[in-house]
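Both of the next two complexes hold chain A, though its partner changes from chain B to chain C.
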Partner chain A sequence: MVGASEERELERLEKQVEEGGGGVVEYLSLVRKLKVRRSNIVAKHGLQLLNQASARSKLGSDLWTVYEQVAIACMDCHALDSAKKCINALDSKFPDSMRVGRLEGMWYEAKGSWQKAEKVYSNLLSENPSDTVAHKRRIAMAKAQGNMTVAVEGLNKYLETFMADYDAWRELADIYTSLQMYKQAGFCFEELILSQPTNALYHLGYAELLYTMGGIDNLRTARKYYASTIELSGGKNMRALYGVCLCGAAINQARGRGRTEEESQELVSLAASVLVKKYKEKASSKAGLVSSILDKYKQLAVA
Partner chain B sequence: MGRRFDVGVGVFGALLLANAAVSTVLYRGDLKIRDEEFTFPSAQVVFEVALSLVLCLWAALKIPGSFLPILSDAKENRVTMFPANLDFMVFNHRGKLFPPKFVEAEFS
Partner chain C sequence: MVVGGPMATYDLRQTAYVKLVLHALKHTSCAVNGVLIGRIGKGDGESTVEVTDCVPLFHGQLGLLPMLELALSLVDEHLAAGQDRSLQIVGYYHANEQFDNLELSSIAKKIGDQIVRYCSQGAILLLDNKRLQALAKENTNAPVVQLYVKEGSSWKLGGSGSELRLKETMANSILNDYRKEKREVRVVDFDEHLDDVSKDWLNPTLFN
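Showing the complex of A and B:
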């Protein structure tokens, strides 16, 4: 997971690297550690680094990991020749490695040769049927070809075996959301929340899903999850604060005239006051605009 | 100063406890000579034990560092974004139409 301090460090190093101030090795290592997708910068500076023989020798045992990282970044940026050279370097060092085999499959994917990629993954899986990454690449391949039904089926089958793989649950939730199958996506989010109950972002994702689904019960549950996001993120998550305000207004509208019980408006006004305070601190010119919008939500929530 | 002071307090507390133990043994020896029954340790020992408890507790709470928040994501280092799901990375995206220019790889 990427924390606030890691994000700041990443931004600092990225700026330094882009301005030519050195620190490329540290940047590449941080990108690997945080698993962020910065293919453009990684490919640009990684290739420059690998082109210098002295820099290569300084990398020591990290050299091969950097080759792999740069190869994937090059594929992502469609620099297939450079990616092939990285893979060849890895292949000559580790001739029978499955990890290099997967890279070859990915190279065929980037090239658009789906059948060849499929053949590579099938061979890898026949050698080692529990190779999770090869399974995932096959699913990603179906997704890349726009074949979402196959991707969903593949992911469901994969999750029957590897049900503790939370990245796969997250991917399934994303795919279901993109297909507007919100009920199924909700199930995936429930699994994710069960796996990591203290991660505010899963609570936020589930809340947004429920808000999108609509209906008074879903909206009330969404408000609860927005509130738990605020609690878990120390009140610093702006999306959750906005979410609480929107839910308050939407619940009141959904109830219409047939109101039976009084909804508490304290949460909405508290979230709104925090939002205005934050805007005053960070972007005081927008504070007036935000407070007028929030006043409208508050009126809707009370009316 | 902080950490050294805390360690010093802890060591002083432990020495005080050891002193209380020695005092108790000596006191019981005295009682045997005077041929009296042991009923209660002397006030000095009770005071020393109580003081050493406070000092050792202080050191045990201070030396390991400050408490971490129960909510691991709250406070300073909260989770701000997910890592990219790199295992499911797809290369067939719109960036493919405008590939950026890089230096050629000059290794093999």
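Showing the complex of A and C:
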């Protein structure tokens, strides 16, 4: 996840690079640091950079990291010939490298030659069974081919061994959610929250899932996790603020008439006022609309 | 008497069409979705649904409920408070994550069902990536989306007797031009709005 200021810096550099104002090396470095996917721009400017001998020598030892980054970006844009050139350069420098081997596997994946890719990864894994990237590439292949059950099985097996891989838990939660297997997705989030209790995004993900599952118990728990998201994110997370209002209304509707929960009123009012303030500051054209919707939620929370 | 579902002509206006395709082009590695806005007209015994615009909603995880409910409420409220009271939500669009996946997912059907409760002729438009790819090489007048219509309890491709057409013949040319200049970068969806409320999901300057 990228913070707001980092996003701005990235956009600034991207604009500069696209307008021919230089800064390609800094841009590529920032993209690597933030782990964002900007393949079109990385491929275009990265290749231009790598084609200049003077630029290559200036990169020093970073040259090979850039070759790898550009190779992957090219594969993402389906520029397979350019990707192959980068991989060949890496292969000459690092023969028999596991890291380069993975790129070769990815190249076959990009081509759609699934069996050749599978062969590459099995070979890599037989030599090095703890190569987590190769494991995950196989799972990614299953997902790319639409074999969600195979992907889920693969991820579960992977997590039995590599249970501290939070990204994998997050991916599994995502796949379960898209398959509408919400309970299983919930289990993944529980694992994530247990291991990283201060990560607001995990609390948020869990809340959204619980709300989706519905039923008064889940809605009450969802509200708790929306509230903890608000706390952990310093009140800045819009989804959590809205979420609290949605929960207030939904819980009351699920309860039936005549019984109001005091806590939900106060929480909903507080969240609503923060939201309206934010809109008045940043998006005043929408402030009226949002105010009006929030009033409806407030009414539903007490009706 | 019409049996088994309404037959309608769906006139897809350039604004709606180009915006939804650009939304998909912006997020090539994810599934995307959004709602279609327009009006229902009646004439000569069959109805016409004019899809005038769309609101891009989400990219990536489409299966979660809270923000979807919120977005639908906001769009509804926006239309109800707007100057043109004939406008309403008339459908849903969806683009799958994988390139060659033309299956209408159960999430898409569920959202479609929800929309049909309020608009009986509500339709689903599903992006056909192969057609979109082919369009870059050779211009045609055919839309790069498939139409799904609710008949009875299921969503039927094409629907019996329903027709989807691009209202403006230049729509695909315009789309191609926008692709060349990477206009899709400017599309804002509801997800992005939630991350930064200063970004407007109405996309008022997208086609300037």
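We take it that the second predicted complex is superposed on the first by the 294 of 303 C-alpha atoms of A that agree within 3 Å, B and C clash if a C-alpha of one lies under 4 Å from a C-alpha of the other, contacts with A are read in each partner's own complex, and residues count from 1 in each chain.
Simple rule for what comes next: a residue touches a chain if its C-beta (ideal position, glycine included) is under 8 Å from a C-beta of that chain, and two chains touch if they have at least 3 such contacts.
What you see is a predicted model; the values in this text were computed from it and never measured.
*Asks:* Let me test your reading of the model: by the given contact rule, A:Ser178 touches which partner, first (chain B), second (chain C), both or neither?
*Replies:* second
*Asks:* Quick one: classify A:Ala144 as touching chain B (first), chain C (second), both or neither.
*Replies:* The answer is both, since A:Ala144 touches chain B and chain C.
*Asks:* Check the residue A:Met106 against both partner chains and state whether it touches chain B (first), chain C (second), both, or neither.
*Replies:* First partner only.
*Asks:* Which partner chains sit in contact with A:Leu194 here, chain B, chain C, both or neither? Use first/second/both/neither.
*Replies:* neither
*Asks:* Check whether A:Arg170 is in contact with chain B, with chain C, with both or with neither, and answer first, second, both or neither.
*Replies:* first
*Asks:* For A:Leu289, is the partner it touches chain B (first), chain C (second), both, or none of the two (neither)?
*Replies:* Second partner only, chain C.
*Asks:* Tell me which of chain B and chain C touches more residues of chain A.
*Replies:* Touching more of chain A: B.
*Asks:* Go through the superposed model and pick first if A:Gln48 touches only chain B, second if only chain C, both, or neither.
*Replies:* A:Gln48 sits against chain B, while chain C stays out of touch.
*Asks:* Tell me which partner A:Val302 touches in the superposition: chain B (first), chain C (second), both or neither.
*Replies:* neither
*Asks:* When the two structures are overlaid on chain A, which partner does A:Gly243 contact: first (chain B), second (chain C), both, or neither?
*Replies:* The answer is second: A:Gly243 touches chain C but not chain B.
*Asks:* Which chain A residues come up in both lists, the one for chain B and the one for chain C?
*Replies:* 4, 37, 40, 76, 144-145, 174
*Asks:* Help me check something: in the complex, which residues belonging to chain A touch chain C?
*Replies:* The touching residues are 4, 37, 40, 76, 144-146, 174, 177-178, 180, 207-209, 211-212, 214, 222, 238-239, 242-243, 246, 278-279, 282-283, 285-286, 289-290, 292-293, 296.
*Asks:* Inside the complex, what are the residues of chain A that reach chain B?
*Replies:* The contact residues of chain A facing chain B are 1-7, 34-37, 40, 43-44, 47-48, 50-51, 56, 72, 74-79, 81-82, 85-86, 88-89, 106, 109-110, 112, 132-133, 136-137, 139-140, 143-145, 167-168, 170-171, 174, 198-201, 231-234, 236-237.
*Asks:* In the complex formed with chain A, which residues of chain B make contact?
*Replies:* Going through chain B, the ones touching chain A are 71-92, 95-96, 99-100, 102-108.
*Asks:* Can you check the complex and tell me which residues of chain C touch chain A?
*Replies:* Residues 29, 61-67, 69-70, 73-74, 77-78, 81, 98, 101, 106-107, 182, 194-198, 200 of chain C touch chain A in their complex.
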